[in-house]
Structures are given as C-alpha cells and as structure tokens.
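One structure is given below, represented as structure tokens, and several questions about it will come after.
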Amino acid sequence: MATVELDDIKKRFGATEVIKGVSVDVADGEFIVIVGPSGCGKSTLLRMVAGLETISDGELRINGTRANEREPMDRDIAMVFQNYALYPHMSVAQNMGYGLRIKGLPKAEIAAKVRDAAELLQLTELLDRKPRQLSGGQRQRVAMGRAIVREPSVFLFDEPLSNLDAKLRVQMRLEIRELQAKLGITSLYVTHDQVEAMTMADRMIVMNEGRAEQIGTPLDVYERPESLFAAQFIGSPSMNVVAAEGREDGLHLGDMVLPNPTGAHGTVMLGLRPEHLSPDPGGPITMEVLLAEPLGANTLLHGRLANGQSFTVSLPGVHRAGHGSQTLRLSIPPDKMHVFDKKSGRRLG
Amino acid sequence: MEKRVTFKGWLLPLCLIAPQVFISAVFFFYPAGQAVWQSLFIPDPFGLSSQFVGLENFEYLLGDPYYRASFVTTAIFSTLVTLAAMIPALFLAVMADRLVKSAGVYRTLLIWPYAVAPAVAGVLWLFMFNTRVGVIAWYLGQLGYDWNHVLNEGEAMGLVVVASAWGRISYNFLFFFAALQAVPRSIIEAAAIDGARFWRRFFTIVLPLLSPTTFFLLVVNIVYAFFETFGVIHTITSGGPQQATTILVYKVFSDGFVGQDLGSSAAQSVILLIVVGLLTVLQFKYIEKRVHY
Amino acid sequence: MATEITGMVEKRGMGLWLTHVAMITGVLVIFFPIWLAFVASTVSQPEIVQPPMPVWPGDKFLENYTAALVSGVNVPVAVMLGNSLIMAVGIAVGKIIISLLSAFAIVYFRFPGRNFFFWLIFITLMLPVEVRIVPTYEVIAGFGMLNSYSGLIFPLIASATATFLFRQFFLTVPDELAEAARVDGARPMRFFWDILLPMSRTNIAALFVILFIYGWNQYLWPLLITTDPSMNTIVMGIKQMFPSGDDVADWPVIMATSILAMVPPVVVVISMQKLFIRGLVDSEK
C-alpha cells in the first residue's frame, strides 16, 4: 500500500515545457483519474510516474521516498497500456507471469499467483491461449491480470478502455473500479473521456496544456469548476459559455438581464449548464430553438440566443419542439450560475 | 522514424554494434580505401616498390581502347540481360494472374531457377550449346547453322545473355506477380465495366500501376547484370572471344589477378564504386518515390 | 460473389486454355536446361559425345552420382558439398547474428556515434565484393586466411541489407512492448532475448533462406581464395572440373555435380516457399 506525491513535476522536451508543474498528493488506496484532451500532457505525466519518461524538474515520492531516479521495475508499480502491450508470442499465463519470472520467483509460486489472478478476472479457461486468440475485452483483462500478479503498490492505467466498444467500456469501467476497491491499491488512471473520469474517480486531475486546471472530486469539479476549461470539459452536453456584462443591476447579455451572484463588474464569461436551465414563461433568457435531439430520458434543444450566440438546453423527458423556429424562455437558479474572469478564465466568487 | 522508448547506457549498444562495425571496417572500408590508394600508384615491374602517379591510371584507362570497349560491352550486355529477364517474366506473370486457381502451382514451378547459381546456369547453357556435344548446337547444325560461340563474338554474347537472364526470370516473375495481385480488383472491374478488353486494360491501367515495380526491377536487374554475372561469363566464355564478353567486373578480375596489373585494377575498382554509387542513388530515388504512391 | 469476380476478370473457354498453354510452354522452356542436365547425369559419356544425346534419362544414375560424390575430378564432390554447406550456413548465421545485434543497438538505444555508425553500415550497401576484390584478397592473405572457412565467410558477412530489414521490423514493434517489459523488470538484453528475438522468428527464417542461397551461390570469392581443391565449394568447383586444353570433359560427372549443386538451394526455396517470397520482397524494400 502506498502514497504517491507529485511535487511541482515538470517535463521539458528541449526548449518546450510540456508539463508546467503539477503537484498532487495521492492518498493510500485512492483512485485518481487524470483527464484532459489529447496533447494536454496527461500521458506524459503518468509515464513520468512510471519511470518511462525522465522527470525534468520537481520531485516524485512513492511512499514518502524520492523515486525520480528509480528504474520502472524498482518503483513497485504496474501499468496497463492503451493497446494492452501483451507479448504476442507468449501465452496468457506466460504474459501474466513474466515479471515474476524476471524477479526469479520459483515456478510453482508463479503458477499459483497467476492462477489466483486468473480466477479473480475469470481468465482461468484462457491461460493457455495466445493474445491473438482473445477478444478485445479478454486482452484487456489479461493486461489487468499482468498488473495484479505483480502485487504492486501503485496501478497505472494509460487509457486502458479506449480500444473497446462502447458497451464493453461501460462494463470494464465497473470491473476495474470494483477490483481496485477490493484490492485497495493506489491507482492513477489516464483518460480523455470525461464520463470515465466522473464515474471512476475518487478525485480527478483536469489537465490542460501541461497544467492541472483543477484537482478535486468529480462532484466538486462539476458543481464548482475552478476554470472555464474545467467547466467546459466536464459535463455532457458541454456547458454553455457566453460573454456577459456585469453591472449593478445584474449580468447583461444584450437585452437579457440575469442575476449577478458574484457582483462582478465589466465583461465576464458566464457558464450555464444545459441541464440546469428550465422553461419559465417569465424567465430572463430567450432562446430560439433550431433543432431538437430526443434522447429518450431527456431532450437536447439546440438554438441561439437573441444576441446570436449558440446555446443548448437539456430538458427532462420528451419535449416536442415544433418544426421551424420556436422561441423558448428559460431561467436558472443563481447558485447554478458560474462566472469566470474573461482574461484568465479563473472562477470568480 | 524513431522509437519513443529507448534503453539507457552507451557501453552495451557500442558492444552490440561492434561486430558489424569491425567487420565492415576490415573487409569493406579498408579494402575500398586501399583500392582508392592503389589506383594512384604504379608498381615497378618487380613489385618491390611503387610510384605515385596521381590520376595517370585513370587517364590511361579512359584512353585505353580495351577498357572503353569493355564499357560498351557492359552496356550492351546489361541492357540485353535486363530486357531478356524482365519481358518474359512480365508476360508469364500476367498469364499467371489470369489463372486465379492454378496460379500458385505455376508459381511453385517457376520460382526455383532462382535458386540456381549463375555459375551453374552457365554450365547448363554451355552444355546445351557446346560446339562438340551441345544438343542445341547440334540441331542448329542439322538446320545448316554453324553455331560456334567460341569463335563468333555475337553468338558468345547471345549465350551469356540468355544464361544470365534465365534464372532472373523467376525473380522478376515473383515481383511482377506480387504486384499484379496487389492491383485492386475493383479497378480492373471498373475498367471491364467501362468496356476495356483484356490487353487494353493491361496497357492503359495495369502497366501504369506496375510502374514502381518495373522501375525497381529495372535497377535491380542492371545491378545484377553488372556485378553478379561474373560466374556465367567465367564458366562460358572467360571473357572471350577477343574480349567480346569482358564486362567491367570481369576485367577487374582478369587485370588484377590474371594480368597482375594492380594499379589499373584498383582504378577500375574505383570507377565501379562510382557506378554502384550512382545505381544506389537511383534505387533510393525509387524508394522515395514509392513513399508518395 | 467470388464467381462474379472471376467471371468478370478471368477468361473462360478458349482464352483460358490459351493462357494455360502459354504458362506451360513458359514452364517447359524454363525447365529445359535443368532437364537436359539431369538426363546427361544419368547416361554414359559415349551417349553424350555422340550427338544428339538422348532426351530421356538413362540407367547410369547411381554410377555417375557415386563417381562424382566419391572421387569427383580434382576432389570428391562430397567434400565440395560440405564446404559449400559450411560457407552458406556460416554466412547466413553470421549475418543474422551481427545484424540482429546492431539493429537492436540502433533502434533501442541513443548512444554517442549512433548516427555515424548507422551511416557507416548503410554505406556498405554500395560495396559489393566484386568491386573490391583485389584489396580484400590482400587483407585475407595478410591474415593468413586463404584456403580457410573464415576467409570464405567473414568478408561476406557484413551486410547492411539484413541490418536494415531487422531495423525496419524492430521499428514496427509497438513501443508499449518495450515499456511493458521495462515495467516487468526486463533489462535490455533480457528484452532482446525474451521478447524481440521470439517475435522476429519469421523474419529470421525468411532471411535465412535468402542468405543461405546467397552464400551457396557465391562464385568469384571462393574462386579467388581457395587454391587448395579440398577447400573448393561446389558452385565454383564445377568449372575446375573442365579439363584445360583439348581433352574431352567428363560430362556425366560434371552434370551430376551441377545437379548436386542445385539441389540444396532448390530444396530450401521450394520447402520454404512462403517464407522465401516474403524474405525476398522484404529484403528488397
């Protein structure tokens, strides 16, 4: 069992800084999801923890001791790769036991450990197969098995589900979380999928352009996004962001006037989640509906505001928007309004 | 293309690469350097010392009618070998490509002359055209044609060309066949629907699609004719009659080992090096080109 | 579906038969020299020197082949076969080993001089042995390696082609495998041995076929450095069996030797046809 501390970790490739100082303390047994768009540096960060990339600056501590210079094998970690990285010429059992074989464990002990892990993952039937004879989901399990067998202090996952189809992804998401809870192993999990991040994380790190935009529990990030980026990245459909003018009497969007919960002045960015808006004949927001997407449980209405900005609303149940243009009036509780500084994108208030 | 992952350390990789570098240095670079060096000297008649003569060896060579003749001979020889090896191969490949089911059988039957060494091919063809016992020479005699490649320069050239091209047909066939199989069926079908008949389809669609392969084989066959046909010539004609089949590589050998003229042989080696260099550049041009395909 | 496709592009009836006829003619023409050599190796000398020779095999098969293998002309052909085998296997195995190691170093390490060595190896592509025979001969003579297996093998071992083939292949091996191996605790040589080598099996086998034939079919080099008949390889030894001057050659034995010289590479090519074709196409890329 282990803690992992990242202390102002930086990564430079030549003159370009790709990780610009990330700090986080991961508690023992915690499941941390690092989430962000491609190119944000999330994989690089994970690979630095694994020891596959050198750390340019800052300190990595595993269990309180500095690990920057340690080889991957000496960090007591296990990693699950995006394409599983199974050795194609080895059987499932050999794949899972390879790390132990290198450690020089006796054959019988390796076999026993492999068997236990296989049972846990329902792989017992497949132990003699080669990776190419397995389905995507099975390969995924073998990659997990290989990580478990080593009994590491830390699990590292690098987008492990991105090669699976949507249905399997949901199933494996649950399995991984269950397994991690059962084994209680500290985990770092990289994904670009905000749904995975929301559903799996104890805490998540929202990364953008080499920086941690926000670190917190999924609900924290959802309810109180610290930056415009985090606000838009987390949540589906994505948050509406519109420019507004803060005055004494409220926030002005063209002719519309909304409450000003933070008392901001000047131009600010106003964030409104589509699911927090509700139809209200006397509401301050006027939207012209152009397209309705009925999803069954709810309906997405896409359209634009009077000032021409595009806008999305999510309404529960089936909402029959008429053909052609239709005007809808909406309101939102002030505590669900997010106001950001226009320049820095940081949250105000 | 580079690996993202690398292992640390410099001693281990140096040790790993050392055997190849060592062998290349001793058996490639040192001899090649020697060739360049020797080409600048003329040894005295007793081989005791040698005198620096600068580019005189080259001047002499380029003025030497025999060497110039050898250049012409090489050009004729390699052109003929290339044509004789590629055209039948292309024809057979096109035929085999039409036979969807039995193509594999024909391929098996056709590939194995590739395994026959050029020198052995030389012996086989020499046997057929031997002036005393050769079957074909005998039948030609019955038809009133007096075959004698030992005396007739044209016949000697013809024989070494055929013997050199023979095994290469298999090689070229394999590449043409593979390229033909790789032509998307849908393109052929589209052309067929457009009403193009077989040979018209072949010349307007298939042949242009084969051009990368054809160009590649052209270079490879020229290299083969230049450098790998020594065995054929040595077994059949030994460069004769009257040097009619003395190609450049054969001349390096006969001047260097038989004539013991080291300076001239070395200068010839250097000229060959330049020829190989040019051919290699051509080959790489091709590779570059293919990347864009 | 399949019948539609063949119906569209494959000839039927007359056209199909003509195609077969063309193919069979081609095969027969290609085969004819070998057939004739085989016939000559099964008949007696008088039947050959009195043209035209027969076109069907005679009854002297055992006699001629035994004569060739046991006594030969200058040296028993069995000895030459042995020399050829050692040379061909030596060249193939040697090339594969040094190429695997150097390709591994070039692909998986960053070390000082890496680019320099890479180009050094690359340039050897341009130096066929035929071009540098005299100085190379002098090097071998200087080492006292004339008439030796090492003299036959070493100068032909360093080849950029094999190194490039392996480099090409290693570059297609997913990065994650090396990373997984590192996380599993494998040091570089362990990774090479446990993972890279087993994954290269088909490439190694395909290359072996090509290199075996390359080594077996060498002519000029053995001709230069083996002056002792007992070191002759079979491909170069055939020419030595022809008498100098006006004596009549012992055709049945020479033809039996020619057939024997073809058998090993032909067997290798036919039995490993798929690998061979793959190796051929890959090595020329």
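Letters A, B and C name the chains as they come in the text, with residue numbers starting at 1 for each one.
As a convention for this text, a contact is a pair of C-beta atoms (placed from the backbone, for glycine too) under 8 Å apart; a residue touches a chain by one contact, two chains touch by 3 or more.
Treat the numbers as computed from the prediction; the structure is a model and nothing was measured.
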Quick one: label the inter-chain contact graph as line, ring, star, complete or other. line
Work out the mean Cα position per chain and let me know which chain is farthest from subunit A. B
Looking at every pair of chains, which two share the most C-beta contact pairs? B-C
Express in whole angstrom the distance between the two chain centres, defined as the mean CA positions of subunit A and subunit B. 60
Computed distance of Cα centres, subunit C from subunit A, in Å: 56
Measuring from the mean C-alpha position of subunit B to the mean C-alpha position of subunit C, what distance in angstrom results? 16
In subunit A, the residues touching two or more other chains are 52
Would you mind listing the residues of subunit C that make contact with two or more other chains? 179, 182
Subunit B: positions in contact with at least two other chains: 5
The subunit C residues in contact with subunit B across the complex are 5-6, 8-11, 15-16, 19-20, 22-23, 26-27, 30-31, 33-34, 36-37, 40, 48-49, 51-53, 97-99, 101-102, 104-114, 117, 120-121, 124-128, 130-139, 154-155, 157-158, 163, 170-171, 175, 178-179, 182, 187-189, 191, 213, 216-217, 219-220, 223-224, 235-236, 238-239, 248, 251, 254-255, 258, 261-262, 265-266, 268-270, 273, 276-277, 280-281, 284-285
Quick one: which bits of subunit A touch subunit C in the complex? Just the residue numbers, please. 50-52, 71-73, 77-79, 81-90, 98-99, 102-103, 146, 150
For the complex, which residues does subunit B have touching subunit C? 1, 3-7, 9-10, 12-14, 16-17, 19-21, 23-35, 38, 88, 91-92, 95-96, 98-100, 102, 106, 108-121, 123-125, 127-128, 132-135, 138-139, 166, 169-171, 174-175, 178, 185, 188-189, 192, 198, 216, 220, 227-228, 230-231, 234-235, 249, 252-253, 256-257, 262, 265-266, 269, 272-273, 276-277, 280, 287
Contact footprint of subunit A on subunit C as seen in their complex: 174, 176-177, 179-186, 190, 194-195, 198-199, 201
